[in-house]
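Following: one structure in structure tokens, then a few remarks.
Going by the order they are written in, the chains are A, B, C and D; count residues from 1 in each one.
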């Protein structure tokens, strides 16, 4: 039994608080780990990319390793073209599904839909890519002509990949609307859709937009499924039609990483692409999280 | 009721030097908000002291500075001294854990741990390594009896604490505090979320507790303060306006502010 | 007072330094682990020593590079591993460029290449890379089996298709756009194809890039309008090799030289090969190895000695 | 308000259709993989090594390789993730370092896997001479899963009501005792689902093991940390893109199906954990 009565009981520091300090330091160093990892990745990538980082790399028009031309401007534009297109499809299908789940869906149907969407998050991208290769590409080739491997195929696969992410976050944003607002509108005799249109959507707008942005970041960072379905022409160009093939940042790295000679300019420009990709996605993520924070405060 | 000689001044200076809790010139800031201003207060051992005042007058902050719970609030700053048994708890190397063990605290909303009833009460002795096995069971039983909860829970000790009613949960929190053998019990509006019957039981329990422990209770319920406490302190805008024997404070309040508060004209 | 944050960050920096040092030492640690590993497997081998009189080999080999050489080496590796249970060989593709750069970077034991090191394509070949020729191969132009529009192409026709001048099958009486496929820039097969066919121009930028013989074959086998080039060893009934100037790319024609396109396949080590590497290379050059070469549709060395 | 009611009906129908599309996409993919994959799944397929030349054989080394990879990655990512989460939710006072840490966690969560793969290859495999091996791939994968573990664990800890901590501290518990006995024990199920989410991500990842893990067609199980490792996603990738005979596609379907079934196992178990403990958090 600890001696309770002694006045000195409270005086000595006791080894407990030393243990506390030690634990706090361990946790602090643990917390540093994520900083160290990201710092290490960025530092090393920049170190390896440094020789290639110049204007005619970023704005250069042609990417043709054989002729030592390493311009990635067209590749960046194609990446945005593929990414944004896929996100538009995801939003067009995802947000209404979120609205349906949040407002219109009967309970028993919801118990079927919600888990299946959560499982859709789990589908590995390689399976999506393989599904694209075996089903989507022949479907496009037979029905729309052309090569089959195309921007359209990329859109479809990336849309399926980012759908569950957008649906679940948009639904949470819609559910976060205080009930009092909803009841006020319903009490005025508004139909459910009018309440959604007039009350829920304006309130949840930032949340939904943030989830779409986050999905864009993920889609542009995707490698495996895109490379299998996008066609990868030898020299990049800006796709003119949705049946055109395209060459995106991630597929460029994946196709070339294995055979580049270590010290060559091609090797450094691959790291340059990695860095550019990193900054684009980081920029999107940060704006998305900032919007969520600001949205909440507003 | 113990009769204490009191001088006729707004600030009853109990001519007592064996005060259990002696607060001297206590000032507390949260960021730049000066919450408590020059509080001087002497609380005698084994009495029930009520601290009352309008909301936002700093009564909760005062009670929390007795067991240094304010330190946990980010950006809090405390000046002045609080002597417990003649030892200033704001000294540099005070063993805060030992201090909080000596001073039990019961919160406004009952907050039992998401564990079983037994685990809740046994938590305190376990972390202070006070007892194990059979001894621990005894402490749990003794504490629950002291909190007048034993008969209602003795055959379902291992059920979740959430299976209890609001009043029962609050008494469980009291039992939990008693398990670590405190000397002082602080209560922050313990009955504000309880129904009248549960409140009555808690108040009866309070009376019995004050025979063994020094009880300090924060309340905004005047009748409760009058019924339960030996001494009453009235805080207003962070200042101690009046402090003295409960009967005297309620029957002929010295300061005009206290009178207004008691008659319910504001606050 | 608890530690001021300055003290905390200072302490964390020391920890960081230790972390970085620790990481730096892992490469010594990795050598340590491989020695421990070899010691451990030698102990395993000791108890089975009596049954096998030959000097037991153990350790592991990583071989990567040209997908042209890949089938030969994969089969040889499986047989070699059966005969030497102590040895584990990991064989992966990635193309000749990958094989050369990986072996010169020193993180694989043997590089496979279907291009010899002296060609202009390799900017500054690593001086102490030692190639060993193990077989010969050729490159054929392939189309989808149902593509009836073409059966025999001249050198010029092939060049005009692959440099984007001829873009439609109607030129050969068919219809629909020609889908041109090519190989990644580091591929030995691509280099050989360009040396023989693309004498005056470059492959069109519109051609889709495939990263291995296998992927090229799979793509042509599934794209009726596709045309590409493939190592002869890979040809099977799923693709249709075309005659060039009347000569069919069969092993016999290559042997006699009627089919002019021919190239050597190499295994490359950095500096003199170690005991295990030499044992494996000897195995590939042995009659059993050369039989596997022929079996896989390639050309054994002695046919051209 | 006839117009409004008509509009309501139309919208309802549209929403029903759109939701069915998004849900059906999952069922279509799953059924397609299940039908094609189940043809090839057999005990022999699951217990023999692949024969990459004739596109035959089984996927045993790949399954074990994937499990090795995921195990190594979790051993690194889980402790680091939970430590960071505890620090951020329990100990962190909002100073510069915690702000930077949060910013980096967001960026680390967003880093494309190809960038981590490239880093793993160039830094871990070449520079640190760990080689294309189970170790480099495991470490690189942990970079992918750490941020997910952190975010989910921190959320779980923040969900524990503040009152519990105050009650524990008021009893004289130290900060670590409060964190351990109250916060961690209550939030444990959710932290567990966080780790499972990380495992799922690591299992389904293809680019990183492809670049710094090994050829994916290994016919053996790695005997040491520094041997190349085959993994199920890479196997599926190579068989899907390079195999042209039907037996190759069948095995790619088999690989995909096994991968999806492993996934369902993880997702279902995390759902079960979450529901079973839902009641306990009721306050």
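What we mean here is this: contacts are C-beta pairs under 8 Å (C-beta built on N, C-alpha and C of every residue); 3 or more make two chains touch, one makes a residue touch a chain.
Computed from a prediction, not measured in an experiment: that's the story for all the values here.
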Per-chain C-alpha mean nearest global C-alpha mean belongs to chain D
Result of counting contacting C-beta pairs for A-D and B-D, higher pair: A-D
Among all chains, whose Cα centre is located farthest from the one for chain B? C
Inter-centroid spacing, chain B versus chain A (mean Cα positions, whole Å): 52
Quick one: report the Å distance separating chain B from chain C, using the average Cα coordinate of each chain. 79
Chain-centre distance (mean CA atoms) for chain B and chain D, in whole Å, is 49
Rounded to the nearest whole Å, what is the centre-to-centre distance of chain A and chain D, using the mean of the C-alpha atoms as each centre? 15
Chain B: positions in contact with at least two other chains: 96-99, 101-102, 128
Among all residues of chain A, which ones touch two or more of the remaining chains? 16-17, 28, 32, 262
Out of chain C, which residues touch more than one other chain, so two or more? 93, 105, 222
Using the touch definition from the top, list the residues of chain D that touch chain C in their complex. 51-53, 95, 97, 125-126, 128-132, 135, 214-220, 223-228, 238, 241-245, 248
For a test of understanding, state which residues of chain B touch chain D in their complex under the given definition. 67, 69, 72, 74, 96-102, 104-105, 107, 109, 111-115, 123-124, 127-128, 160, 162, 173, 176-177, 180
For a test of understanding, state which residues of chain D touch chain A in their complex under the given definition. 1, 4-5, 7-8, 11-12, 14-16, 18-19, 21-23, 25-27, 29, 32-33, 79-80, 83-84, 86-88, 90-92, 97-98, 100-101, 103-119, 121-123, 126-127, 143, 146-147, 150, 174-176, 200, 203-207, 211, 233, 236-237, 240-241, 249, 252-253, 256, 259-260, 263-264, 266-267, 271
For a test of understanding, state which residues of chain A touch chain C in their complex under the given definition. 21, 25, 28-29, 32, 36, 64-67, 138, 141, 146-149, 231-235, 237, 245, 255-256, 258-262, 264, 266
Can you tell me which positions in chain A touch chain D when the two form their complex? 16-17, 19-20, 23-24, 26-28, 30-35, 37-41, 44-45, 48, 93-94, 96-97, 99-101, 104-105, 112-113, 115-120, 122-131, 133-135, 160, 163, 167, 189, 191-194, 214, 217-218, 220-224, 228, 250, 253-254, 257, 262, 270-271, 274, 277-278, 281-282, 284-286, 289
